[in-house]
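Note that chain A is present in both complexes that follow, paired respectively with chain B and with chain C.
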Partner chain A sequence: MLKVENVTKVYKVGTFGGRTLTAVDAVSFEVRPGEVVSLIGESGSGKSTIGKMILGLIPMTGGTITVDGVPVKPGRDYYRSVQGVFQDPFSCYNPVFKADRVFQLIKDSYYPSVPGKEWTERVHSAIEDVRLNPREVLGKFPHQLSGGQLQRLLIARALLLDLKLLIADEITSMLDASTRIDVLNLLAELKGRGLSVLYVTHDLSLGHYLAERTVVLRSGAVVEMGLTHKVFDDPLHPYTRQLLSSVPRLHAPWEDAPPVETCLYHERGATGGLYEAEPGHFVACAKLDDC
Partner chain B sequence: MSLRVSELRVHYKTLRGDVKALDGVSFTMDDGEILGLAGESGCGKTTLGKSLIRMDGRMRHVGGTVELDGRELPIGDDRAMNDYRFHEISLIPQYSMSAMNPTRRIGRMVTELLRSRGVTLDRKELESRIGMVGLPREVLDRYPIELSGGQKQRMVMVISTLLDPALLIADEITSALDVSTQKAVAKALLGFRDGGYVKSMIFITHDLALTSHIADTVMVMYAGKLAEKAPSEKLIKAPKHPYTKLLINSLPEIGVRYEERKLAGIPGSPPSLLNPPQGCRFRDRCPLAGDECAEEPPVNEIEPNHFVACWKA
Partner chain C sequence: MTATTALPTEERVVRREALYFAVRNPKLVIGFSIVLVLALTGLFGPVILGVDAPNEYVAMPMLPPTSEYWFGTTTQGQDVFVQFVYGLRTTILAGAIGGGIAAVIAMVIGFVAGYRGGMVDEVLNMLTNIVLVIPTLAVLLIINAYLGIRSVGMQALLIGLTSWPWAARAIRAQTFSLRSRDFVDLARLSGVGTPRIIAREIAPNMSSYLFMTFILLFGSSVLIAASLDFIGLGPTEGVSLGLMLQNATQWSALQLGLWWWFVPPGAAITAVVGALYVANVGLDEVFNPKLRET
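Coming up: the complex of A and B.
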């Protein structure tokens, strides 16, 4: 499905672009059909940059990204199967138009030949797919709808296309706790229908709830990745441990992360790329003092 | 420090009528207590925090009183409140990121701020507090833009508490931060209380898990009213109000997976506060609602320090 190989992004920064900043450093991972992969990282880890490169919104500096073997090519054909939903649902709508205008825009550019009546039916079924009542949300202005409703309408909009891959970039971080879980459950249902989702987030518990596999990023590079339960139950990299220990839990006090004694990467003599500690569980160098 | 809020009513003036954002809230706080204030967006938590320090132009104090150490606060009078602001009650705003003057180095900004309050800067004290929140003292020579979000948040925390207020209101200060920074900021807040820089604190957040780590007592609000207030451990382990129960059940914790245990959100959305419904305001979304809920439930103390506003509790 989605293959990200050795992708690098270097930004020019400074007054005249004199300095460079490597935002994404040789990142490789894969999303299989019908799979949710969560891309976890703190601010500045490059997680959104990766999402934007997959969507073709910003160019890559190096590496390749392919969807079903086809390289990223921004344009109508590409966006028919790959879509993104972003953090702030309020800024995705034009406040002077009714919210359902986003559906009309899809019809105008992708399905101009579909008769109006059939299109209305498609819109209604897509809205029902995201657990909204078409009568309650159609014909309303963005300010009359809640954040959760707007976010779900954006997902419905993506579903109208022949969607194969959804890039969900922090889609729940502006929603309330109770609405958040509804949107997450929706993503999980969609995955049951064969949709692949790249779930970009800084919230570890949400990633854990949803994803089959997890990629942990730190300053642009992958530090650990693998099956979600392996990464969360047996974190190998000190950074992953530190992140996990910082998450506030309801029934347990905050604890400090157990230290990592030996760098698996160097101990086992791994070179180049990530070290596969167990099948499907990769870890980078722990960067201990003696590494 | 002791705080007694009784039947506080604060409304927002709008063209369509009054939005009853706080509609009769009563509670007390003890010396050294950290009160966590939780609830969905629009339940009145930020309004409550703002009412205690500065009402903005749309807010009207409609009824009720706030007493700090036995003296009534003139919360409706913007001028008269000046004597209390920052000396007695201080606030860390929701968007500390944009709370600092971008054109001043931080050290100079702090000096100017203090001078405006008629206080001279004790540089040594300032530096020790900066060290306490884990910042290098060089931040004083930097501009705000040179600091990361978490650093700015901690710097604003230091500035807000420089005058040793009795009550500190922290409004959603961790919601824009990464988990590891969140932990550091939360620990720094606890340090401020334990170090005696502030006496008591109201910690406003929508993250119940985080609240339970910091707060001694948690108060859950719904649609401008108190739903439940209890010591934090009791509230998390044995909640009585159906709203609190549903809120806790909708929290994804590490260890919960979609395949194993599907979490459920709370159906529906909070009522409009322009014309709040009669009776219990949670009735329409409540799985337990019955006939008696058509009448408004009083706030009952079912156990010492455990207050619930629900007929079914």
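Coming up: the complex of A and C.
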């Protein structure tokens, strides 16, 4: 389905672009049909950049991204099957227009010949699919709706297309706890329909809740990836361990994170890449720089 | 009752809200009234007066204002009121054409530079800065010397072509901040092309700003046109408020005490530009809820 291979993004910074900043460094992973993969990383790890490159919103510096074997080509045809939902629902709506204009844009681009009445029915059923009442949400301005409603409307918007892959970029981070679980359950339901979801998040527990497989990013590079329960129950990379221990727990007080150990896989010849610790569970060298 | 039926009414409510504050804003009402009265005078005055040539010698020279010649006559016996009405038309026309051309150029360059960024922005920004530092008067002097500005339209065109840079810079900066908003990305994900994104997503967010830009450019075009006329770089045909001032100076109206010759055009230029700036402050209050005084 989605194949990300050796994708790199280098920004030019400083006066006249004199220095470079590597935001994403040779990242490779895969999302299979009907699978939810969570892309976990802290702020600045390049996870949103990867999401935006898959959506073709920013160009790649190197590598390839293919969806069903077809390379990313920003345009009408590509967005028919690949869509994104972003972090801040309030910023996703043009504040001077009604919120339901997002549906109109889809109709104008993809279904100009569908008669108005049939289109209204389709919109209504998509809105009902995300468990909203069309009467409550249509015809209103974005500021008259809640963050959860707006976010679900954006998912409904994506459902109007022949969607195969959804890039969900931190879609629950602006929502309160109860709305968040509704949106997550909605994503789980979409997965049941055969939709692939790349769930970009910094929240480990949300990633764990939803995803079959997990990719852990650190400063633009993959440090560990594999089945979610393997990564979470038996983290191999010191960074993953540190990350997991930094999740606040309900019934345990704060404790020190384990120290970062020395190179784990250097001696086994895994420098510069990922080492397959067990089938399907990859881990990077812990001290890549000075190995 | 579905959303489709609810849509137009609510949109009207929002427009009505802007109109509600607009008609209750004294600055806006007074400013626009003055401009409107002067513009209508310029537009319909010549028709009502039924005079074809405002520079015709019609009466005794140097007559003070009378019931027959409202603003008196010039040293050559021309009717100052007829000249004033025609001059008003020319001056407002110069403002509208010059301001309009400048606003269109500023929008195109500002939007494209701000939205595209990168190399396109660098080039357009350089062009903007070059035009910004060119001394307009010197350029117009040279153009006048070589080509000669013969008509008001030509003069307005040259003013429009040289007065857009600051507006382009301002629009570019606004576009920069708007294009990074997620709704622009979402429009791209909906298969909307760049020109439509600029026109339908970004521009509506700054419509009040664009409107005010046009008003300010209009006012500055009137001023530039008047100053060009006054220093003798104006159109050689017809009459404008600036040309009236120039003639009055050349024929020593001030020394001869012919105040009716230069006060009306001077007052009208001041009134048009002043009223536009007052209206602009009022518009600011209408569009920006934080500035409303009530």
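One rule holds for everything that comes next: the second predicted complex is superposed on the first by the 274 of 291 C-alpha atoms of A that agree within 3 Å, B and C clash if a C-alpha of one lies under 4 Å from a C-alpha of the other, contacts with A are read in each partner's own complex, and residues count from 1 in each chain.
Please note the rule applied: a contact is a pair of C-beta atoms (placed from the backbone, for glycine too) under 8 Å apart; a residue touches a chain by one contact, two chains touch by 3 or more.
Being a predicted model, the structure only gives us computed values, none of them experimental.
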{"item": "Fit or clash - chain C, chain B, common chain A", "value": "fit"}
{"item": "C-alpha centroid angle, chain C to chain B via chain A, nearest 10°", "value": "80"}
{"item": "Chain B versus chain C as contact partner of A:I181, first or second or both or neither", "value": "first"}
{"item": "Touched partner set for A:P248, first chain B, second chain C, both or neither", "value": "first"}
{"item": "Partner chain(s) touched by A:L210 [first = chain B, second = chain C, both, neither]", "value": "first"}
{"item": "Partner chain(s) touched by A:P112 [first = chain B, second = chain C, both, neither]", "value": "neither"}
{"item": "Touching partner for A:Y79 - first (chain B), second (chain C), both, neither", "value": "second"}
{"item": "Contacts of A:P279 with chain B and chain C, given as first, second, both or neither", "value": "neither"}
{"item": "Chain B versus chain C as contact partner of A:D88, first or second or both or neither", "value": "second"}
{"item": "Smallest distance from any CA atom of chain C to any CA atom of chain B, in Å, after fitting", "value": "11"}
{"item": "Where chain A meets both chain C and chain B, residue numbers", "value": "none"}
{"item": "Chain B - residues contacting chain A, complex", "value": "40-41, 148-149, 178-183, 186, 206-210, 212-213, 236-237, 246-248, 250-258, 262-266, 269"}
{"item": "Chain A partner contacts - residues on chain C that touch it in the complex", "value": "2-4, 6-7, 10-11, 181-183, 185-192, 201, 204-205, 207"}
{"item": "Complex contact set, residues of chain A against chain C", "value": "52, 55, 57, 74-76, 79-80, 83-84, 86-88, 91-98, 100, 102, 105-106, 108-110, 116, 120, 134-135, 138-141, 154"}
{"item": "Complex contacts: residues of chain A adjacent to chain B", "value": "42-43, 146, 148, 176-182, 184-185, 188, 202-206, 208-210, 228-229, 232, 242-244, 246-251, 253-254"}
